[in-house]
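Look for chain A in each of the two complexes below; its partner is chain B in the first and chain C in the second.
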Partner chain A sequence: MIPFDYQRAEDTRSAVATVTARPGAAFLGAGTNLVDHLKLGVAAPDLLVDVSHLPFDMIEPLAGGGVRIGATVRNSDLAVDPVIRQRYPMVSAALLSGASGQLRNVATTAGNLMQRTRCPYFQDVTTPCNKRRPGSGCSALEGYHRDHAILGASRHCVAVHPSDLAVALTALGAVVQVEGVKGARSIPIIDLYRLPDDAPQHDTVLEHGELITAVDLPALPMATRSTYRKVRDRASYAFALVSVAAAVDVERGTVRDVRVALGGVAHKPWRARRAEEALRGAPATDDAFRAAAEAELAGARPLRDNAFKVPMARNTIVATLRELTRREEP
Partner chain B sequence: MSTATRETVAGRVGDSAVRPDAALKVRGEFAYSSDLFADDMLWGATLRSPHPHARIRSIDVTAALTLPGVYAALTHADVPGENRYGLDHRDQPVLAEDVVRYQGEPVAVVAADHPETARRALDRIAVDYQVLDPVVDAELAMAEGAPVLHPECPGGNVLRHVRIRRGDPEATAEVVVTGEYRVGMQDQAFLGPESGLAVPAEDGGVDLHVATQWLHVDQSQVAHALGLPPEKVRLTLAGVGGAFGAREDLSMQVHACLLALRTRRPVKMVYGREESFFGHVHRHPALLRYEHGADRHGRLVSVRAEIVLDGGAYASSTPAVVANAATLGIGPYQVPNVRMDCWGVYTNNPPCGAMRGFGAVQACFAYESQMDKLAERLGMDPVELRIRNAMREGSTMPTGQVVDSAAPVAELLRRVRDKPLPPPADPTDPRDLPGGVANTTRGDGVVRGVGYGVGIKNVAFSEGFDDYSTARVRLEVLGGEPVVSVHTAAVEVGQGLVTVQQQIARTELGIARVTVLPADTGVGSAGSSSASRQSYVTGGAVKAACERVRDTLCALAATRLGREVGLVDGKLVTADGAVAASIADVLGDEVIERTVEWRHRPTFPLDPLTGQGNAHTQYAFAAHRAVVDVDVELGLVKVVELACAQDVGRAINPQAVLGQIHGGSAQGLGLAVMEEIQVVDGTVRNPSFTDYLIPTIVDMPPMVVDVLELADPHAPYGLRGVGEPPTISSTPAIVAAIRAATGRALTRVPVRPDDIALAGSASRPVPSRPEVPCD
Partner chain C sequence: MDVEIGLRVDGEPHRLVVDTRTTLLDAMRERLGITSPKKGCDHGQCGACTVLLDGRRATTCLALAVAHDGAEIVTAAGLADGERLHPIQQALLDHDGLQCGYCTPGQVCSAVGMLAEAEAGWPSHVTADLSGAVELTDEEIAERMSGNLCRCGAYANIVAAIREAVR
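== the complex of A and B ==
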């Protein structure tokens, strides 16, 4: 571990100013991801500005019917919040399927969204990795990549984003509130995350020093009928091979509206727009679900060892939609 | 006879005596080796090779030494004795010289006043590597022209080849099934990482406190490398957090001693979890090709098999693992014609060696898969087929050895088969469903499957090894009460051996107060806490030493009392049963101490050409039935129940026996569905418990266990080693159950969702055997 300074942030403005002014500075949430990276040598900030105690620990209603989740709300608190459970069950389900009780008790909303990939090469500083050291190459391309991307990857990086929460927020169309030295801005979560292209070192579009203060959920009535399913190698305490966040609005056997996002398949949580389009107006049947899933996955480009993710994603989409629509019918 | 003589002390053989470490461990108060501390101690750290194969051009530690707080930085040049160690062959350098042969091989060690300083010192050591192509495929490593990794090994990269020929190896059969199977690299995943404390002694020697499996084999290797006589290297066992084979080889032992002797300060070394994955050997990955021939009634005619075990960079215990895989590789079946070839091969993969099951695990997955395949081909029930061919007492092994004690293979199978099946899963409780709490399944697409497995394991060391244990038992009177102390070097790894020793002493001497002294090299060797052997061998030694103490006491009493007496329930009793004296009366201030070296029946080497020979001293058997629910669309498996039946000869401590069966079965479950060290081009990609998956409480189902006690007349109390058999048969039983649910061939463990769902049509595959759908 390399020595670093630690500061507990007094307020948003000074935290943003301090980190922006110092290229080697980083925000610290609960540290469940960042501290691991310090130990592994993946990250070597010279200053940590602890933002976990800033007053963003509320879950509040928004004018217009949405809900604002503060950036420092702990994952456990968010998962059990009655409003979230009732109106956005997929958010609760996504959180509860991730990490462990102890981790969720401390991990923050913003830290969860900003956690970095679990690609083994990213975490092993002795190996080339474009995300960790731009231009050094991508070891996963020909190496161990069973857990890696099937959609939207580039030859520069085939990593996937590990957050479960982010997948649910992507399905919902959440908006991330950000504070920077130039002022505040709102970024739809779908635009927050990037595909790797030729700059996989950037997971998101945030500038150095920009601080997430909240995440806004839209009023989305159909989200009361939503869920999150996660397929993984063991029944708890493991990252997703494939996951699906979905919400459906069905009337008399026909899909009126639908939201689908996939996790574990791309560098960002993958909003399945093609599947959504194929489903709108379609009958709520397995055949239609399968056709929609296949439409989405037609663009999949699996690697040598992860072709299984294509049928797995398809089957998970079908199973999730089947469950939701079956529940929809009286 | 007075009533007093009838009062037996509690905690004897057959009782579930409470373990002294149990509550401490549960409360988090047990002192493990990583908790060791000495005033003024330094912290050691190890520089490891990042490359699986490289030539070392130079090593420069100068910059490390200039860092304040660093007291030593040592390389191979600083090893005073021979820079070689190893259990079977001394082929492994304490610190690498001109070449490194696996990723993580130790190259240099440092000692500093703080662990972080030590780590920074490592960063300052400059090693100039010339990277070489790693040899990573065991089969290719055997081929002609492969780069030879150990020039001194006469067989090229083949470390050992065991051939077994029995009957007519070319025999033909009416029905033949063939299969090729693979087993991934499993880790022992013990609780407490490698750690210990070396303290330099006045006499120029060193005292090492360490978590290990066999103190004396460590002692001899450490002394050899330090160039010291063994008596100057004294080992004391520190708290061990599990072993499962991973502590048979040395890890930090020599390093800590080198640093302590150099700095004249106590030196503590503790591996982190990641480092631990590089600090010990793993279970051999295996490639297994089998051909089973049977007549049309399902009677086995022949088995032909080839097994290749990837031994990795150094020998470790590979030669013995090869012999086990070969001699046990046909399974607990009677087969007249056998051709078995098993190879252990050097590669640049992580070194592999001992792990619970020791070669029998890999073979069992293959032969049990074959038995299922054969049953299917014959249209027979898989349990019936196994029972028809089951070995029994008096059967002959492929090595020609006659199994001369209970071998209730058929009975074990019947018992697990006849257990009632568990009810269908409750679809409202996600913990009962594949995917667990991730809500992955609502019960649709879930198919139930049932599978069986039965296995065989040898107990204790084999092939003519002089396998013994030493026990020193002392009897004295303290505060008017007789007190026994038992001193052995036998290692408590968490299996309950301390309690077993107490139980034996109480049984033999009828004395309640029994103290087991800390295990150390101040008494003779106890052999290893492995091969399911300690209750048998150290148990035998303690029993024999107690008998000697008893005989001495009775002789003493006879002279004092003027008549013959025996020791019954802690009292000296005359032939007519009357209490003649108490021990305290007879003994007074005297102390009786007896030391015994105890051996099991000898074993013999295998004939190098035919593999014939009485290589093993005892065989042990367990059978499993696994019930699984599989989400066939997503490839997720929930093991719903494991039933196990095992013969233990005599349950010395019934609760500890159940603990072994539950734990062993869980380790077999791990191998069946999740545990694998991912090695890519010789490098480990998942050295953490986030990425190396072991079963959690959600994955491990309740167990139904039958314990049989069919005494082995050759063993103390008739006991049979317990620890390994349950690990062996649970893996094939679970995989068979997944096959039954999915119809997939599943020839490799661990089985992962990809293997089940890859073909992935959402339509349901046709199961090969009866299924009980869940929804």
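== the complex of A and C ==
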């Protein structure tokens, strides 16, 4: 690990100015991913600006009925918040399906969103990886890639985004509040994350030095009927092979509105807009759910060893929507 | 870069100068001689380094010491009341909830933290109703303890010990 300086941020403005002015600087939250990267040599910042104590630890109502989640709210505290549990159960369920109790107790909301892929080549500095070292090549294309992307990948990178929370937030249409030296901006989470294209070193559209301060959830009454289903190799404490966040509004057997996002399938949390379009106005039946899932997955381009994810994603979408709509009927 | 920090571990105050690269785990083990928290994977995956950090269970291998100036830490060694073991510790002994024992201090701290979380009504991944009451079934205990690996495979007895301690 190369030596680095450490500063505890006094306020947002100075933290943002400090990191922006120093190319080798990075923000530090709880460090549950970054400290691992320091050990592995994946990240080598020369300055850490600790933002975990900035006053963003609140979950507050927004005018218009939404909820603002502060960037430093810990994953455990967010998962168990009574308002989140009741109004956005998919957010609680997503968080509770990730990591372990002791990691969730420290990991922050913004840190969860900014965590990086667990692609083994990204984490192994002895191997080529375009995300870690642009232009060095992608070892996963012909190597180990059963955990990797089936949607939206490029020949430069087939990694998947690891966050469960981000999948739920993508289904909800959350908006990320960002502070930079040029001021604040709001970024819909669907636009925060990038597909790899030819620049997989960039997970998000954030500029160096921009800091997430909060995540806003829209009012979205249908989210009270929402959930998160995660399929993985072991029962707990593992990343998703495939996951589905969904909310559905059904009236007399017909889907009035629906939100679906997929995890474990792409470089970003994947909003399943084709499936949503196919479902609006459709009967709430397994056949319709399957047809919608297949419409979404028609664009899937699996690799040699991850074709299993296509039927797995289809079946998980169907199972999740079935679970929600069975509960829906009184 | 060296920074002076203060830590309170098992009731004892300590002041020390650490390199910014030092984890909380290494600060305790290598600098303060507090070896109850164990270094297993050193990547946050095994839970052997779990302590109660400012009252909540947390891994210490992924925490930078410099970021935890002023922290209050309780290790498994600090949970006993003199010669009287904490009920979780006693239950692990009574149920053979260990073989080599290397993961045990982490298991103990994790179990103590987990019971407080359940007491506070926190649901888990396997809780059917997110807003309902929490009943610590074996399935709930296993899920909530999944951040602590045991290479000897004493899981069945660890679950039994925690089940017993809950009563």
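Operating definition for what follows: the second predicted complex is superposed on the first by the 330 of 330 C-alpha atoms of A that agree within 3 Å, B and C clash if a C-alpha of one lies under 4 Å from a C-alpha of the other, contacts with A are read in each partner's own complex, and residues count from 1 in each chain.
Everything below uses one rule, namely that contacts are C-beta pairs under 8 Å (C-beta built on N, C-alpha and C of every residue); 3 or more make two chains touch, one makes a residue touch a chain.
Quantities reported herein were computed from a predicted structural model and do not represent experimental measurements.
Student: In the overlaid three-chain picture, which partner chain does A:96 touch, first (chain B) or second (chain C), both, or neither?
Tutor: A:96 contacts both chain B and chain C.
Student: In the overlay, answer first, second, both or neither for which of chain B and chain C A:237 touches.
Tutor: A:237: touches chain B and chain C.
Student: Go through the superposed model and pick first if A:118 touches only chain B, second if only chain C, both, or neither.
Tutor: first
Student: After superposition on the shared chain, which partner residues are touched by A:126: those of chain B (first), chain C (second), both, or neither?
Tutor: first
Student: Please work out whether A:319 is in contact with chain B alone, chain C alone, both, or neither, and reply first, second, both or neither.
Tutor: Once the two structures are laid over each other on A, A:319 reaches chain B alone.
Student: Just to be sure I read the superposition right, which of the two partners does A:6 touch: chain B = first, chain C = second, or both, or neither?
Tutor: A:6 sits against chain C, while chain B stays out of touch.
Student: A:226 in the overlay: touching chain B, chain C, both, or neither? Say first, second, both or neither.
Tutor: After superposing on A, A:226 lies clear of both chain B and chain C.
Student: Is there a shared patch on chain A that both chain B and chain C touch, and which residues make it up?
Tutor: 1, 93, 96-97, 235-237
Student: Please give the residue numbers of chain A that touch chain C in the complex, ascending.
Tutor: Residues 1, 3-6, 8, 28, 30-32, 35-36, 38-39, 48, 50, 52, 76, 79-80, 82, 85-86, 89, 92-93, 96-97, 99-103, 105-106, 235-237 of chain A touch chain C in their complex.
Student: Touching chain A in the complex: which residues of chain C?
Tutor: 1, 3, 19-21, 23, 42-44, 47, 50, 53, 56-59, 62-64, 66-67, 110, 113-114, 117, 120-125, 127, 130-131, 142-148
Student: With touch defined as at the start, can you tell me which chain A residues reach chain B in the complex?
Tutor: Checking each residue of chain A against chain B gives 1, 93, 96-97, 118, 120-121, 124, 126-127, 143-144, 146, 227-238, 241, 286, 290, 307-308, 310-312, 314-316, 318-319, 322-323.
Student: Please output the residues of chain B touching chain A within their complex, sorted ascending.
Tutor: Against chain A, chain B makes touches at 50, 116, 119, 431, 434-442, 444-445, 633-636, 638, 673-674, 678, 680-681, 683, 685-686, 690-691, 693, 695-696, 698-699, 752-754, 757-762.
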